[in-house]
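In what follows, chain A forms one complex with chain B and a second complex with chain C.
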Partner chain A sequence: MSEDDAVAGPTDDGQLVRVEGFLVRLDLAYEPDGHLWVAPPDGSTGNVRIGLDPLGVETTGTVAHLVVGSVGTRVRRGEPLGSLEAEKFVGPLVAPLTGVIRAVNPALATPRQVVEDPYGTWVAEVLPEAWEEESAQLVRGADRLPAWFADEVRRFRLEGVLAQ
Partner chain B sequence: MSAPTTSPAAPTVPVALGRPSGNGSQESPTWVRVSGASAIALRLRSGRFGRSFAFGGINLLLTYDDGCRSDCAYCGLARTRPGTYDEKSFIRVEWPLVATDELVARMAAHEERLTRLCISMVTHPRAFRDTVTITEAIRSSVRTPLSVLVAPPTLNRRKLERLADLGVDMIGVGLDAVTEDLFRSLRTEVPAGGAGLSWDKYWSVVSDARDLFGPWKVNCHLLVGLGERDRDLLELITALHDQQVLSYLFCFNPEPDSRLGEREKTPLRRWRRIQLARFLVQERGFRLQDFGFDDEGGLRAILGPPEVVRDAIRSGEPFMTNGCPGEQGEPGCTRPYGSYRPSEPFRDFPFLPNGEDLAVLEAELAVEELLERGRR
Partner chain C sequence: MGPEALLETPARPGSRGSRRAGRTLGTLRVLDFGAVSPVRSQSLWHALACGVGRGSPAALALCRPAQPYVSLGYHRPLADLDLGTCRRRGLPVLRRLVGGGTVYLDPRQLFFQVVVPPDAVPAARSQAVAELLGPARAAFEAAGLPADFDQGELAVAGRKVCGHGAGLVGGAVVVVGNLLERFDAAAAAGVLWAPDAESRRRLAGRMAECVGPDPTWPVDAQAFAEGLVSAYAEAFGVTPEPGGLTPFEERVARRFDRLLGSPAFLCGPGGQSETQLTERRRAEIWTVKVRAGVVEARVVLDSTVLRAALVGGRLRDVVVEDPEGDQDPGVATALEGVTEGSPALEALARGGPSAARAAAAAARLLARARGGGE
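After this line comes the complex of A and B, so read on.
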């Protein structure tokens, strides 16, 4: 990693910063335990898109399968939204919000897309039931995200799940 | 805004792994492959294990542009399996390429956590020479016990002596097929030619290795599910035990596009029962006559003391990975998720199964059925 990579600084569009070698979008909220990103509700449908953030993808290992519950299923915050299987790992994708699954990204059939473009490849659209209340429990804000993300990278390094 | 629209590339975390160069230069001994689990343990790759356990068994695989010369029907590296050598999996997992010097440096840096190292040869004219070079590099920097999984066609007694002199303490022989007929049909009489793989040659290497390395320092890999009978397996396991040679079981799981790619994976109940039977022979002194077989050679009864059998199951040990031990006799090579997906039941446990695991194992085994038949 170059010295520059360790320094948080805005990229061209102002919404991305690079923190400890990872890109972080400042306009999204993050579920801190599962490292899922959550986009603000769509103005017309109210749906929010959810995906894996780059650190969540990286620390899982080679992603092999991603499965999300069926459209119409109600999920509760903190309970499984789906599951993720990597070369040596399997575990739940924990729902960051309570709501009903409105869409599942067909691109999940090619998990490589999530690895290559974690912000561009959403995994599910959910119509949230309590956006205001539950989104307050997510990590967000351009002033807060770079430091939080840097702490997370250091934590994962200590856990030994990041390549060095 | 409803959703992100930018498409930033995934982060590039620097790792010491190789990339196909296209100029044929990334071969052993300068380069080797490591198992995915080893790459994670040595921080060559990011990733985690599905359950938390200590892991220190590092597996290396020789690598050549023109690949392994063998053409075994079930193997991911088989010569006639589609794909370039770089694209091929081995025991169904990807083996990242890494510079040998870098690998040795990382082994030295992580030595405290390492339990066992193993170099897997492939059938190739340079395999022995390169194994020697890599062994010397490892032994000069790392004290962790070192095994070699040998390619018998490339070896003779003198070469085995050389490995012993270099500090290799255990030898593995991938017999895989447990009868001569199966061996011949799957490994010798094969589309690309047998490359010197013969039943007799394999046994000659087992015998020489047993002489040179001593009791319980040689192991034979036996693949369960290639078409053999349970009786064939137990006959071989007891015969090996009599020679103080260890049996390491591997569960057949088809490699896609291999000639046995469409064959069913070994049923879990059969696998569990063979795991148990091997343990009873190897660790509890059971003999062939302590097992009953049906007319097709399937295991149908256990005639030995039921309490010994139940205690063995409760210990969880029969279901752990068969692998070379660490320095203090602890599990050394545990190959997590080596022959099954993380979402599937553990075929071999890389740790001692816990109470919940044991309850599942007992249901999978249905051992009382075997014990009941043994009492009749």
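After this line comes the complex of A and C, so read on.
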């Protein structure tokens, strides 16, 4: 597969492209280390929604439990937002932004939904404290995302995390 | 010390710092704690993880609990347990910071823990667990249990001989396991909440079939311990160095002594233990995972009670109780071996009311199993 083939054209709504077999939404920002997506702040509440991107879901394995901190808890970028268990392995879900947890998706009681619909199943809503500053450290932009995502898939394949 | 703070980054594959750097381990500390109290059998290796996370060399630890107790996987609800039974039997209840189920532990189980820096193992969880658990296979063989990986578990002839869990604790990757020298199925089933005596009886029977070595198999724990040290030293390419906890780890162990059985920590990261308990008792479907691919279940639908095991997605040992129905034994027989979407379910659904209720109960259980409900 050539690099051009790896990045397919937009799907119906123009905001979704298929990259190396994974769907990538171009209207979201991505935390590159944890493979979390971050939606832009809501116009009325200022909250941002956070979820796992499809590559994050794929490389995590079968998610058995996903728990986010309580509403009202302040989280800092790079520190635990919650915890996740897959393959009997427990680790933190790392906050992509500093802020206060405003909502936790009740759908997390069935973690399978995150796997089946990564973009449709947000994990938490956070009111960010430093959106302008911290969002600059996220990957975003329709011109940049497909190539970045393709590089990530190739890296995971090289490391053996994803099947070739 | 909040538990979330102990689940330090890196967390998931690709998380900061978790990318495999091909790091080699300079040495392997070997710590044999012998028989210790229930809480020490957990706190010692939690502390060891914090030490490795701070830069101490990788470690292999061994211990066994001096008394029986119960351990909850980090995310498991307290509602898994029959707390009244635990209290009556004087069993301490502890929560651990690694994954896996709610388990009964006793002195006939030899625990081992492998603790390494995150960059010494693959980024993918399943690969990391397999890589860190893999060398233990040789030790099981040395103990007289020629185990192979079966659906991610070490098993001999369909019997799970090693429970395991894993996680990122205090900045280090930990895989914990145990040699089940003998498994007390009745005690293990007895500490779990079950909706009725028959469910518990069936659960104990299922555990006796699937967990622990066959009672006739000799198990050599000493050979296991020696095999474990040599297998991990060889796998890591290092010389084992016996030793003990550092002063820092000793201090951290004492903090874990207080944390792991504390009421707040026992409620779990999601909290709401009372809610979970109520929901579990009212739920129409009760399941307990016995081992990978084997679940014991009870479903109540209207007046019908369906009892069954799910083995590889198929119903086994089906019993249907329907006080309002005609108790046709053919219904249970027809459900044997059934999988989700099976024509047998449709055929039963078109039968009489009793058969239809049993088919509906079976369908709900199979759908729940597909969804990973247990």
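Here is the rule we use: the second predicted complex is superposed on the first by the 155 of 164 C-alpha atoms of A that agree within 3 Å, B and C clash if a C-alpha of one lies under 4 Å from a C-alpha of the other, contacts with A are read in each partner's own complex, and residues count from 1 in each chain.
Here, a residue touches a chain if its C-beta (ideal position, glycine included) is under 8 Å from a C-beta of that chain, and two chains touch if they have at least 3 such contacts.
Owing to the predicted nature of the structure, the values given are computational and were not obtained by experimental measurement.
Visitor: Please determine, from the superposition on chain A, whether chain B and chain C clash or fit.
Guide: Superposition result for chain B and chain C: clash.
Visitor: After the superposition on A, what does A:122 contact: first (chain B), second (chain C), both or neither?
Guide: first
Visitor: With both complexes overlaid on chain A, does A:110 touch chain B (first), chain C (second), both or neither?
Guide: After superposition on chain A, A:110 lies in contact with chain C alone.
Visitor: If you stack the two complexes on chain A, which partner ends up touching A:59: first (chain B), second (chain C), both, or neither?
Guide: After superposition on chain A, A:59 lies in contact with both partners, chain B and chain C.
Visitor: First (chain B), second (chain C), both or neither: which does A:25 touch?
Guide: first
Visitor: In the superposed arrangement, does A:35 touch chain B (first), chain C (second), both or neither?
Guide: second
Visitor: Is A:146 in contact with chain B, with chain C, with both, or with neither (first, second, both, neither)?
Guide: So A:146 meets neither chain B nor chain C here.
Visitor: Report for A:78: first if it touches chain B alone, second if chain C alone, otherwise both or neither.
Guide: After superposing on A, A:78 lies in contact with chain C but is clear of chain B.
Visitor: Under the stated touch criterion, which partner chain does A:99 make contact with: chain B (first), chain C (second), both, or neither?
Guide: A:99 sits against neither chain B nor chain C.
Visitor: For A:15, is the partner it touches chain B (first), chain C (second), both, or none of the two (neither)?
Guide: First partner only.
Visitor: May I ask you to name which of chain B and chain C touches more residues of chain A?
Guide: B
Visitor: For chain C, which of the listed stretches 2-10, 92-100 or 362-370 runs into chain B?
Guide: The one stretch of chain C in steric conflict with chain B is 92-100.
Visitor: Can you pull the chain A residues that chain B and chain C both touch?
Guide: Chain A residues touching both partners: 55, 59-62, 64-65, 83, 85-91, 159-161.
Visitor: Name, in rising order, each residue of chain A that touches chain B in their complex.
Guide: 1, 11, 13, 15-16, 21-23, 25, 27-28, 37, 39-45, 47, 49, 51, 54-55, 57-62, 64-65, 83, 85-91, 115-120, 122, 125, 159-164
Visitor: What part of chain B is in contact with chain A in the complex they form?
Guide: By the definition above, chain B touches chain A via 1-15, 36-37, 40, 43-50, 93-94, 336-337, 341-343.
Visitor: Could you please specify the touching residues of chain C with respect to chain A in the complex?
Guide: Of all residues in chain C, those touching chain A are 4-5, 7-16, 18-20, 73-75, 97-100, 122-129, 152, 164-168, 269-271, 371-372.
Visitor: Going by the contact rule at the top, pick out the chain A residues touching chain C in the complex.
Guide: 33-35, 55-56, 59-62, 64-65, 67, 69-70, 78-80, 82-94, 110-112, 152, 156, 159-161
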